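Below, subunit A partners subunit B and then partners subunit C, in two separate complexes.
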Partner chain A sequence: MTRLIQFEWKKMIRTKFYILFLLLSVLFVSGLFLRNFLLQEEIVNKKIEKFSEYRKDILSQVVTYQKMMEDFPSPELEEKIEAGLLVYRALNQLIESIEDGNWKEELQYEIQVYELAMDYKKIEGQFKLSEKDMQKEIQLNEELLKRGLAKEDLDLSINPPIFLKKIVTFFFHTFGFLILLFLLTIYITREFEEHSIQIAFTLPVSKSRYIISKFLSLFSAGFIWWIAIFGVSYLLTTLFGTSQENSLVYPLFTQSGNFLDIGDYLWQAIGYSILFLSFAISLLVFFGFLLRNTIVTSLLVFVLLIGNHLVLREDITALFNPFSYQQIDFIILKEPTYYSMGLVVIFCATVITLIFTILLNKRRGI
Partner chain B sequence: MNTFRFECKKLRKKKTTWLAFFITLIGIIGFYLFHLSVAEKIHQKNIAWLDYLSQMFASNAETAALDKKKAEEAGDTEKAEEFHNMMVSFQKSSENAKQDKEYFANEEWTYLIEEDIRSLEPLIEDSAFSAHYIEDQPISMFTVRATLEEKQRLQKYDIVPFIQNTTYTNYLPTIYDDFSGSTLEEWEKITERYGRFGFYFLYQLIQSYFLPIIVLIGVFLFGNGISSESGKKKKGLHFYATLPFSKGRLFFAKYASGLLYTLGFTFMMLLTPIVTSLFFKGVGSLKYPVLVYDGSEPSPYGSHYNALDPKNDTFHFIELQDYFLKVLFFSIILVIFLYSCYFLLSLFIKNPGINIILLGSMTFVGMKFFPKVYNPFTYVDIHKIITREIATIQFNPAIEYQTGMILLFVVSLIITFISYRFFAHRNRLFQ
Partner chain C sequence: MAILSVSNLSKSYKKHLVLDEIELTIDGPGIWALVGPNGTGKTTFLNVITNILPADSGTVEMLGKSNKDPSIFKQVSFLQDNSILFDYLTGYDHLKYVCDVNQIPKTRVQEVAEYVGMENYLHKLVGNYSLGMKQHLLLAMSLVNHPKLLFLDEPLNGLDPTSSILMRKILRELADQGTTILLSSHNLAEIDRVTKQILFLKDGKLIEKDLSEHEITFYHFIVSNQTKAMELLSDKYETDNIPNGLKVQLSNHQLNTVIDLFKEHQIDIFDIEKEVTGSEKLYQEIFEVGEES
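Moving on to the complex of A and B:
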């Protein structure tokens, strides 16, 4: 078996495409990290810009109310002006704390701004954020204060766990898996197309062993890709990124509005991505050995994964459907309780697909 | 011509070609059926919601009637009158909801469109009067204007609308809206449209990059004419080298046969949703209005200050038939363009999987990240070109349909010429 796997690996290395793909993936991760690294100042600017816009909005409303007060004074208008000015002052303090880089004050003032803004909205003042969004932000800020963590920009952060989460959303979803499968298809089907499978079948190796070795070699190729992506991301962020103490307990919102620690998120992402990779490759082996044609196999895998992507887009997931786990970020944040059972489901689906592949090819000619 | 016919026959005789054709066909039919089931589910949900509202208001009216009776018995006429008014109001709301439920259930869209028009007209007549809000964020005046005109056209031509996930006004989403956070999620949810008819479904598919995806599948299937015969173990080109005809003729035969089949494949796949819909809901109206943005005036102080003007920017509508006609002509050019690109790539790389990954990535990146006039990939998202969405967002009226057609065609010719030169040069090796 080891010899067979070595042989498969040799073939993969000889074609250079796999190595090129690995390099491109590593380059992409590095590029993404570099972009985030260079845009660190932008995070502060973005925050200041956002809150300055809110401040401008509030001020223009207050000025309008003050003008109206001069012509038609009323206690309601006075109340609005007072509430508006309170939001305005809190926004000023918030912007100052962002400029000073004092994250604790920043979180506290942000809470204050939203609380005052909600009061302001109750008396028919206007604030751009909806009450639901403000409640959510308050909840997150309070949690962060409780855990002693600064707020991170989930898109631009170079904090190891947060950056790893970004990598999960970037690579381990429908299109990431599709690209990998497109690349690996040829390592199964080319042997049929070029008839070199005839030589392989003359070797004293049973078909089932040959299929298993094919699966293991392709899975190991996928796994090395996985290690390269996670490894480079982790290395880059640990060496050059910023880190906070307890950053593994950074809270993430699940779809139901509860918190999930980023450590748990990453743990789930690791489990799901490795097992889904194995399932996807077992499917590829199944269709590759069934259809024995690169184009048709790739097309069928494409139709299956894209079709499932469209189903997931409608928010339709099921615990026992292994395809529900193809969007790793989505499934973790939507159904964090699926985890252990989800792993069992994907593992069983992989084994069943492989058994089917072996049974289907046992008596089949070349 | 004989070589061309021979190449066509080779493609036609391949079982895998037909298998791939049927897989794609089944994929599209499956997606149509899934989409139809989602649309029906949302329609039923809307009916159930109105039924719930009707019952809730009726129950509130009953409670108000009881309260009124109690107040009358207690001799509190003021309270009794207040409860009476509440009861009347609840009864009216219940009747309205019941009526709307009937309209939804019987799909009497004329009445529902009329209701939408009635709720939108006051906003247009006096824009300072009030604005429609989603949660706490206002809907742009442009969207309100465009929605109203769309509804008026639907009413005028008696057209069945799309299904939307709301029982209130069915807004037409535009690029002028600027929602954020949960409001954005809610807006996307209620403005997501589900077409049950063939033409509507195809219109939606085109908005979701269906055309480039189908063309890419087509070139993946038929664009390997040369590369599949010039591998280490498959040396079909050697056979041609022994025959007494020019390289140009061979190139033409290989190129044109693949192109012809890709074109045929693309048109068949475009027709699939329409034909499938005939067995279910029908094809729908070709007069359905498609919004086209007229664009915004660029700022005299420089592009940094460019901003869309929701109150004064204009728009117009074209009919779905004109839209499809444009898509049809564009598909021909797009097939030629993507086929030429793939053909050139396949002369360098024999692995069709790598070629399609490369071409797909180039198309996606070029289309998404570099929306410039002379970038041919800008025009791949044909929906946004016909509706002038990209031109409006970029404040660049030069990004238009005709420019795209000419540019793609010229670039295709250049790429084909490069492919021929490369093929002619490399083919010497086989002689």
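Moving on to the complex of A and C:
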């Protein structure tokens, strides 16, 4: 078996497609990190810009109410002006704390802003965020204060766990898996199309051993891709990124409104991504050996994964559907309790797919 | 125990019956040639008996084991079409792979490469090989495991005269060492040079013929007076003009009569060459092919 896997690897290395793909993936991760690294200043500017916008909006409302008061004084207008000025002052303090880089005060003032804004909205004042969004932000900020952590920009952060989450969202979802599968398809179907598979059929190797070795070599190729992506991300963020103490307990909102530690998120992402990779490759081996045609196999894998992607977009997931795990970020944040059973489901689906592949090809010739 | 035993073997593609209840037993070493026009199913026959293609019915046993048992390929080899080679790998990679899977030490790679005369381009990419070089590599791959039974599909295709001579020499050596060889070929002249045991594949059936019973001998004479020699022989023997001489169909005892006749008419003989043939004649009879006018 080892010798067969070695030969498969030799083929992958000599054709250069896989190596090129690996390099492109590493370059992409590095590029993403570089972009985030260069945009660190931008995070503060973005926040100041956002809250300045809120402040400007509130101020214009207060000025309008004050003008109205001059013509038609009323207790309601007075109450609105008072509440609006409170939000305005809180926003000023928030912006100052952001400029000072005092993250604790920033979180506290942000909570204060949203609380006052909710009061302001109750008396028919206007604020750009919905009450639901403000409540979520308050909840997150309180949790961050409790855990002693500064707020991170999930898109631009170069904090190791946060950046790794970004990588999970970017690579380990339908399109990331699809690109990898398209590349690996040629290592199965091209051998049928070019007849080189016949070498293996006239060697003392059973078809089941050949299929398993093919699966293992492709899976190891996928796994090395996985290691390269995670490894480079971890290395870059550890060497050049920013870090906070206890950053592995950074809270993430699940869809149900509870918090999940980013450490637990990453742990789940690691388990799901490795096992879903094995399932996707077993599926590829199944269709590759069944159809023996690069275009048809790629097309079928595309239709299957995209079809499931559309189902997931409708928020439909099922514990026992292995395709529910193709959007790893989505499934972890939607159904964090699936984890252990989810792994068992994907593993069983992989084994079953491989058994079917062996059974279907046992008596088939070229 | 038969080396190769084929019983009731049938194979069809859709409604077209390619192999029709074929029976064949080969008991000992030697070379057998599988002959038939294009599209008669020679490659299919070899693919089915090696289980690369599943048969519709029938059984095949090689060296006492079913052809469905992949372990037979420890003692059986199949030289296939050169399209099976990986262009982006070297000859060495191919040979090492076959060694590895057969659990044979890799020193065998160099050994077999030297034996077939491909050591000079062993480490070059197969994509840069000529047709003949590819045939050498395929032959080397099929010899790695010291096969007791060897199938060859058109092994003489694309070979230059030097390679053809080497291939014939190797096949004869292998047969002498106890290997049973079944080869398919279009090249009837080459077949005449390597074996007298022919299997004609016609309408899905095998027709076994021993060429020694159908041998025809031609003598090529290079003489001083070709026109006169032609006049003397054309009434009595089947005679043809060839460049600088005559080609005459004769038995051994008739040769002396012709030599005496030339002496009597003062025709000098500069050279005599013997050519034994038979498969072509048999081929024409079996496949009802007329002579070209």
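We adopt the following convention: the second predicted complex is superposed on the first by the 366 of 366 C-alpha atoms of A that agree within 3 Å, B and C clash if a C-alpha of one lies under 4 Å from a C-alpha of the other, contacts with A are read in each partner's own complex, and residues count from 1 in each chain.
Following the convention adopted for this analysis, a contact is a pair of C-beta atoms (placed from the backbone, for glycine too) under 8 Å apart; a residue touches a chain by one contact, two chains touch by 3 or more.
All values derive from a computational prediction rather than experimental measurement.
*Asks:* Looking at the superposed three-chain arrangement on subunit A, would you call subunit B and subunit C a clash or a fit?
*Replies:* fit
*Asks:* Name the contact category of A:Leu310: first (subunit B only), second (subunit C only), both, or neither.
*Replies:* After superposing on A, A:Leu310 lies in contact with subunit B but is clear of subunit C.
*Asks:* So in the superposed three-chain picture, is A:His195 touching just subunit B, just subunit C, both, or none of them (first/second/both/neither)?
*Replies:* Once the two structures are laid over each other on A, A:His195 reaches both partners.
*Asks:* Based on the superposed arrangement, let me know which partner A:Leu216 touches: subunit B (first), subunit C (second), both, or neither?
*Replies:* Touch partners of A:Leu216: none, neither subunit B nor subunit C.
*Asks:* Could you work out the angle between subunit B and subunit C as seen from subunit A, using CA centres and rounding to the nearest 10 degrees?
*Replies:* Given the fit on chain A C-alpha atoms, the answer is 80 degrees.
*Asks:* Once the structures are superposed on A, label A:Phe7 by its partner contacts, choosing first (subunit B), second (subunit C), both or neither.
*Replies:* A:Phe7: touches subunit C, not subunit B.
*Asks:* Would you check which partner chain A:Arg363 touches, where first means subunit B only, second means subunit C only, and both and neither mean what they say?
*Replies:* second
*Asks:* Which partner, subunit B or subunit C, touches the larger number of subunit A residues?
*Replies:* B
*Asks:* Looking at the overlay, does A:Val205 come into contact with subunit B only (first), subunit C only (second), both, or neither?
*Replies:* It touches subunit C, and subunit B stays clear.
*Asks:* Looking at subunit B versus subunit C in the superposed three-chain picture, what is their shortest Cα distance in Å?
*Replies:* Nearest C-alpha atoms of the two chains are 5 Å apart.
*Asks:* Where on subunit A do subunit B and subunit C both make contact?
*Replies:* In subunit A, residues 15, 194-196 are touched by subunit B and also by subunit C.
*Asks:* Quick check on the complex: what are the subunit A residues that touch subunit B?
*Replies:* Checking each residue of subunit A against subunit B gives 15, 17, 121, 126-133, 136, 179, 182-183, 185-186, 193-196, 291, 293-296, 298-300, 302-303, 306-307, 310-311, 314.
*Asks:* Please name which positions on subunit B make contact with subunit A in the complex.
*Replies:* Per the touch definition, subunit B meets subunit A at residues 16, 19-20, 23-24, 26-27, 30-31, 34, 38, 135-137, 180-183, 217, 220-221, 224, 231-234, 351-354, 356-357.
*Asks:* In the complex formed with subunit C, which residues of subunit A make contact?
*Replies:* Counting only subunit A, the residues touching subunit C are 3-4, 6-7, 10-11, 14-15, 194-199, 201-207, 363-366.
*Asks:* Please name which positions on subunit C make contact with subunit A in the complex.
*Replies:* 47, 50-54, 70-74, 77-78, 80-81, 83-86, 88-89, 93-94, 97-98, 100-102, 141
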